[in-house]
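Letters A, B, C and D name the chains as they come in the text, with residue numbers starting at 1 for each one.
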Amino acid sequence: MLTGQASTLPETNSPIGFLLVLAIALPAGGVALSLLLGGRGAQRLAMATMPLGVAVALVVAGNIWRSGRSLTYLVGGWHPPLGIALRADGLSAVMLLTTAVVIGAVCLYARGSFGLPAGADERRAPLVFWIMLMGVWSGLNAVWLAGDLFSLYVALELLTFSAVPLVSLDGSAATLEAALRYLLFALIGSVLYLLGTALLYGGYGTLDLVLLSHVIKPEPTAFIAASLMTAGLLAKTALFPLHLWLPPAHAGAPAGGSALLSALVVKGSFILTVRLWFEAMPSLLHLGTSQLLGALGAAAVLFGSVLALRQARLKLMIAYSTIAQIGYLFFLFPLASAPAEATSMFGDDWNGIAWTGGMMQLVAHATAKAAMFMAAGLIAEALGHDRIAEFAGLGRALPVTMLAFGLGGMSLMGLPPSGGFVAKAMLLVAAMAEGQWWWAVVILVGGLLAAGYMFRVFAPALAAVDVTMRRRVVVPQSRQAVVLALAICAMLLGLMPLRPSQLLEVGRPASVTALTR
Amino acid sequence: MSVGPALDAGLALLASALAVWVVLARQAFGAVVGFVAFGLVLSLAWLRLGAVDVALTEAAIGSGVTGAVLLAAVTRLHCARPVVAAARCGRRTRAISIASAGLVSAGLAALVLSPTDPAPTLAPQAAAALPELGVGNAITGILLAYRSVDTLLEKIVLLLALAGIWSLARDGAWGDRPAPPGSGRRDGTLTLLGQVLPPLGIVAGIYIVWVGADAPGGAFQGGAILAAMWILALMARLADPPVVGRIGVRLAVGIGPIVFLAIGFAGFALPGGFLSYPAGFAKPLIIVIEVALTFSIAVVLGLLVLGPSARGTQR
Amino acid sequence: MSVLRDLFTIVLVSAGAVFFLAGTAGLLRFPDPLTRLHALTKADNLGLGLIVIGLLPQADGILAGLKLVVVWLLAQLAGAAATRLVARATGRPG
Amino acid sequence: MSDAALYGLCSAVLVGVGLYGTIVQPQPLQKILAFNIVGSGTFLLFGVIARRGAAADMGGDPVPQAMVITGLVVAFSATALAVALLLRLHDEAGRADDAPTPPATDDETSGC
């Protein structure tokens, strides 16, 4: 073996490792079979895949939690670097679970808008929606589990190709333009990512994340590759200033689709960025990169929140708030990679707290934002529009929906006892303890701005007015209940203790722990 | 051989010049023509780089089928006036984009001029495991064994792209035939070409799949050639575009990925697990997958070129 | 013998290349699409034909030689059809 | 200069030229073409890396070559989807010519 060449690891399949394959292959098979069966078949398949997928996620997460060990599966029995390994650590488990919960809720919710009665002919929008839903699920699970940078590229493309048609499902010129712009951004993002992948293969002869982390060195190849890949991934994550595509795309999709896009799809490229820096090339994180990523995050929080305040339409407001909430995620980079001398001050694992806090923010935002988009969808169905200024009396007309929307909003603001509160509190204390107080300021200001745009919705909606609201459609209680359940999930996350989560610690990148020492 | 370096330099220069032409062209038609030529030059470059499989794919898909899609689009857009606000960028945007693109180019150039020595490679490992599979073409081994999960997911990407394009049909036309490609008029020359070329092309396509296990070739290259022959027959009006709502079309689209997945799941019964092949049966199974995939790839590529269903195309 | 064969190849392939050059020059210099097509097709068909004939003696066997001839025939067919389509497209008003 | 270095420089040029095009080209169809050029440059880089890794009686490392084949198919699917979106957008905008719909987005979103 040549020097500097990656050699194989002594890895074997975990006993329940086959579940990792199922997590990806079940929805992927659903896509292929849906096209074949057509009509109601797609909906039935999605409904059948949903409980299976949730069960797989639960078993995988439960196993990792109990055993405290990551899972591995070598596809076809081939060892990396020649073959591809699927790996699940604590982070993967959390993401698998979040994905399963949100997609499960979207499935139940979307039966109301895309369900076909028995014996009905195949129709365009329902078939495409259910196929894309399974495509999103398969792509996300592949992003959480694949251990190879090129497989991750294919996984990202799986996400892009299932996300874009959701945007233009209604076929209007505005959404078509949004979809086209989203596609172009996403494609440039993937091609930049692929360019970095090529450079890494040329430099180190492997694309396996673990093998790469053993051989990578802080040198120009790694640095240029990392910059290109990060730029590409940020375009896909819609981090400021590459966010231009997001609001029209997320606001244009049908509510269930918006929930998928905002809650989950943008997180795929984010997690990949995290894995790239923290797992594959931690030695490069100290060249000012973490501060730069944090600064872009801060700009996103402020910019996104201010623009959300100025929106006249509810869905656009929620979409701009996604830009802001994505910003918080990037505080993970400076806060979870602080050097040892900064974190030992109070004798606590502040990097670990920031790590858990950042991931909590991700999960809390996913559940809260999905609930809010679906609530907005119900409001739009009931009223026939989503103009915030005409929401007078909405609180009385749709109390359950408004409650769900409000609970989601509490999480965005970071009010206790929501998941968003726990997440932001952990990031806040980590920032203070590590002496990086400037992030704390942004977190607080972002919370105030979020309160501002939530207030703009609730002020008219809860105002005591005499006029009874004219509702176009009566929204069924069951759909409102689904949305409320998801919002309550976002609340329940607030019961998490303010310390590093046991599950997220499993397989936490050595860099984060080693730096603390 | 002293001609080699000159040829390489010529190809590299020509490819770069064509790229500049495509990007700077004022008119879309010229840009598209330039792009097709660019694809052909690139496939020659791939031959020079010793990648015959890639050269075949680039010529068939990167230049051929992509060119068909782009040319069809540019003729349709030609008639319409531009609707997307085509504001030219300001001087500052241009300066910034030149600077950033130049930075990326410079970084890449610096890296390719100072390669790692010795260059890392997986070729020996890939070659060492081939006898176990019984196939002679390492690329087939990678696409259908070592990294087969990539290929499987990429098939799903193709299906999603097709569903995405179909989703752009109008509701009333859903499940109907796509509009036929080309000008819509019968033409003697085209009919002759459509009669003579497809039989030859079909033989060539099947041959390329068949030898793919041991020599350059495989499902994509063969599938793309078959798709091209189908498109040609459709352009010559020797056949009608299919009614995409029919179960037969759906079956043709889905059969490849479904066979692939089914053989993958059957692997759970073996020690190697998902997508592993039983000892001694690897090659026949790989050929079964390739044949099913080729068929589906040909149909899907053809349908991707045809685009969404259109109403009133039934004759 | 082999010198003679090589000489034959060199002469014919060079002649073919000259025709290609002429065709390309015509494509660039002639005023309208139809004359350009005229220059292109005449020169290219002849040029390719000369190159194929020139290469025939170098072929490894009957089969390889046959392949070369098939390539030429296919190029003729495709070239003729493409030319006609382009000509028709330019002849269309508008 | 070795053929690998030569084509390596070519790929660097293609990526740069393509990126410039994706940013400044105002026409969507040409943006799509520019994206394809960045893609071709990226694939060519894989080819150069494969060429340098020639070993074991192979003209190049087959792993990056196989990745390029996968990538080419994905790039084609992307082009087809983007073109289909563009054509439908033209249809819709052509229809709504008489009564232009208000843009759904803010001014901030209409970038270059």
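We take it that a residue touches a chain if its C-beta (ideal position, glycine included) is under 8 Å from a C-beta of that chain, and two chains touch if they have at least 3 such contacts.
On a predicted model such as this, the values are computed, not experimentally measured, just so you know.
**Student:** Of the chains shown, whose Cα mean is nearest the mean of all protein Cα atoms?
**Tutor:** D
**Student:** If you tally the C-beta contacts for B-C and for A-B, which one comes out higher?
**Tutor:** Answer by contact count: A-B.
**Student:** Please identify the chain with the largest separation between its CA centroid and the CA centroid of chain D.
**Tutor:** C
**Student:** Measure off the straight-line distance from the CA centroid of chain A to the CA centroid of chain C, and report it in whole Å.
**Tutor:** The computed centroid separation for chain A versus chain C comes out at 57 Å.
**Student:** Centroid of chain B to centroid of chain C, CA atoms only: how many Å?
**Tutor:** Centre separation, chain B to chain C: 28 Å.
**Student:** Just the number, please: Cα centre separation of chain A and chain B in whole Å.
**Tutor:** That pair's centroid distance is 31 Å.
**Student:** Could you please state the distance in Å, as a whole number, between where the Cα atoms of chain A are centred and where those of chain D are centred?
**Tutor:** About 26 Å separates the centre of chain A from that of chain D.
**Student:** By residue number and range, which residues of chain D touch two or more other chains?
**Tutor:** Residues 15, 19, 28, 32, 41, 45, 48-49, 52-53, 63, 67, 70, 74, 77-78, 81, 85-86, 88-89, 93 of chain D touch two or more partner chains.
**Student:** Which positions in chain B are in touch with at least two other chains?
**Tutor:** 84, 104, 108, 115, 119-122, 126, 147, 150, 154, 157, 161, 164, 168
**Student:** Two-or-more-chain contact residues of chain C, please, as numbers and ranges.
**Tutor:** In chain C, nothing touches at least two other chains.
**Student:** What's the complete list of touching chain pairs for this entry?
**Tutor:** So the chains that touch one another pair up as A-B, A-D, B-C, B-D.
**Student:** Quick check on the complex: what are the chain C residues that touch chain B?
**Tutor:** Against chain B, the touching part of chain C is residues 74, 77-78, 80-81, 84-85, 88-89.
**Student:** Sort out for me which residues of chain A touch chain B in the complex.
**Tutor:** 2, 4-6, 13, 17-18, 21, 24-25, 28-29, 31-33, 35-36, 38, 73-78, 81-84, 122-125, 127-128, 131-132, 135, 138, 142, 148, 150-151, 154-155, 157-158, 161-162, 164-165, 168-169, 171, 176-177, 195, 199, 201-206, 220-221, 224, 228
**Student:** Spell out the part of chain B that touches chain D in their complex, as residue ranges.
**Tutor:** Residues 4-5, 8-9, 11-13, 15-16, 19-20, 22-25, 28, 31-32, 35, 38-39, 42, 45-46, 48-51, 53-54, 57-58, 61-62, 65-66, 69-70, 73-74, 76-77, 80, 82-90, 93-94, 97-98, 100-102, 104-106, 108-109, 112-113, 115, 119-124, 126-128, 138-139, 141-143, 147, 150-151, 154, 157-158, 161, 164-165, 168, 218, 220, 301, 304-305, 307-308 of chain B touch chain D in their complex.
**Student:** With touch defined as at the start, can you tell me which chain B residues reach chain C in the complex?
**Tutor:** So the residues of chain B touching chain C come out as 183, 187, 189-190, 192-193, 196-197, 200.
**Student:** Under the touch definition given earlier, write down the residues of chain A that touch chain D in their complex.
**Tutor:** Residues 82, 150, 153-154, 157, 160-161, 164, 168, 171-180, 183-184, 187-188, 191, 194-195, 198-199, 201-202, 205, 244-245, 247-248, 251-252, 307, 311, 316.
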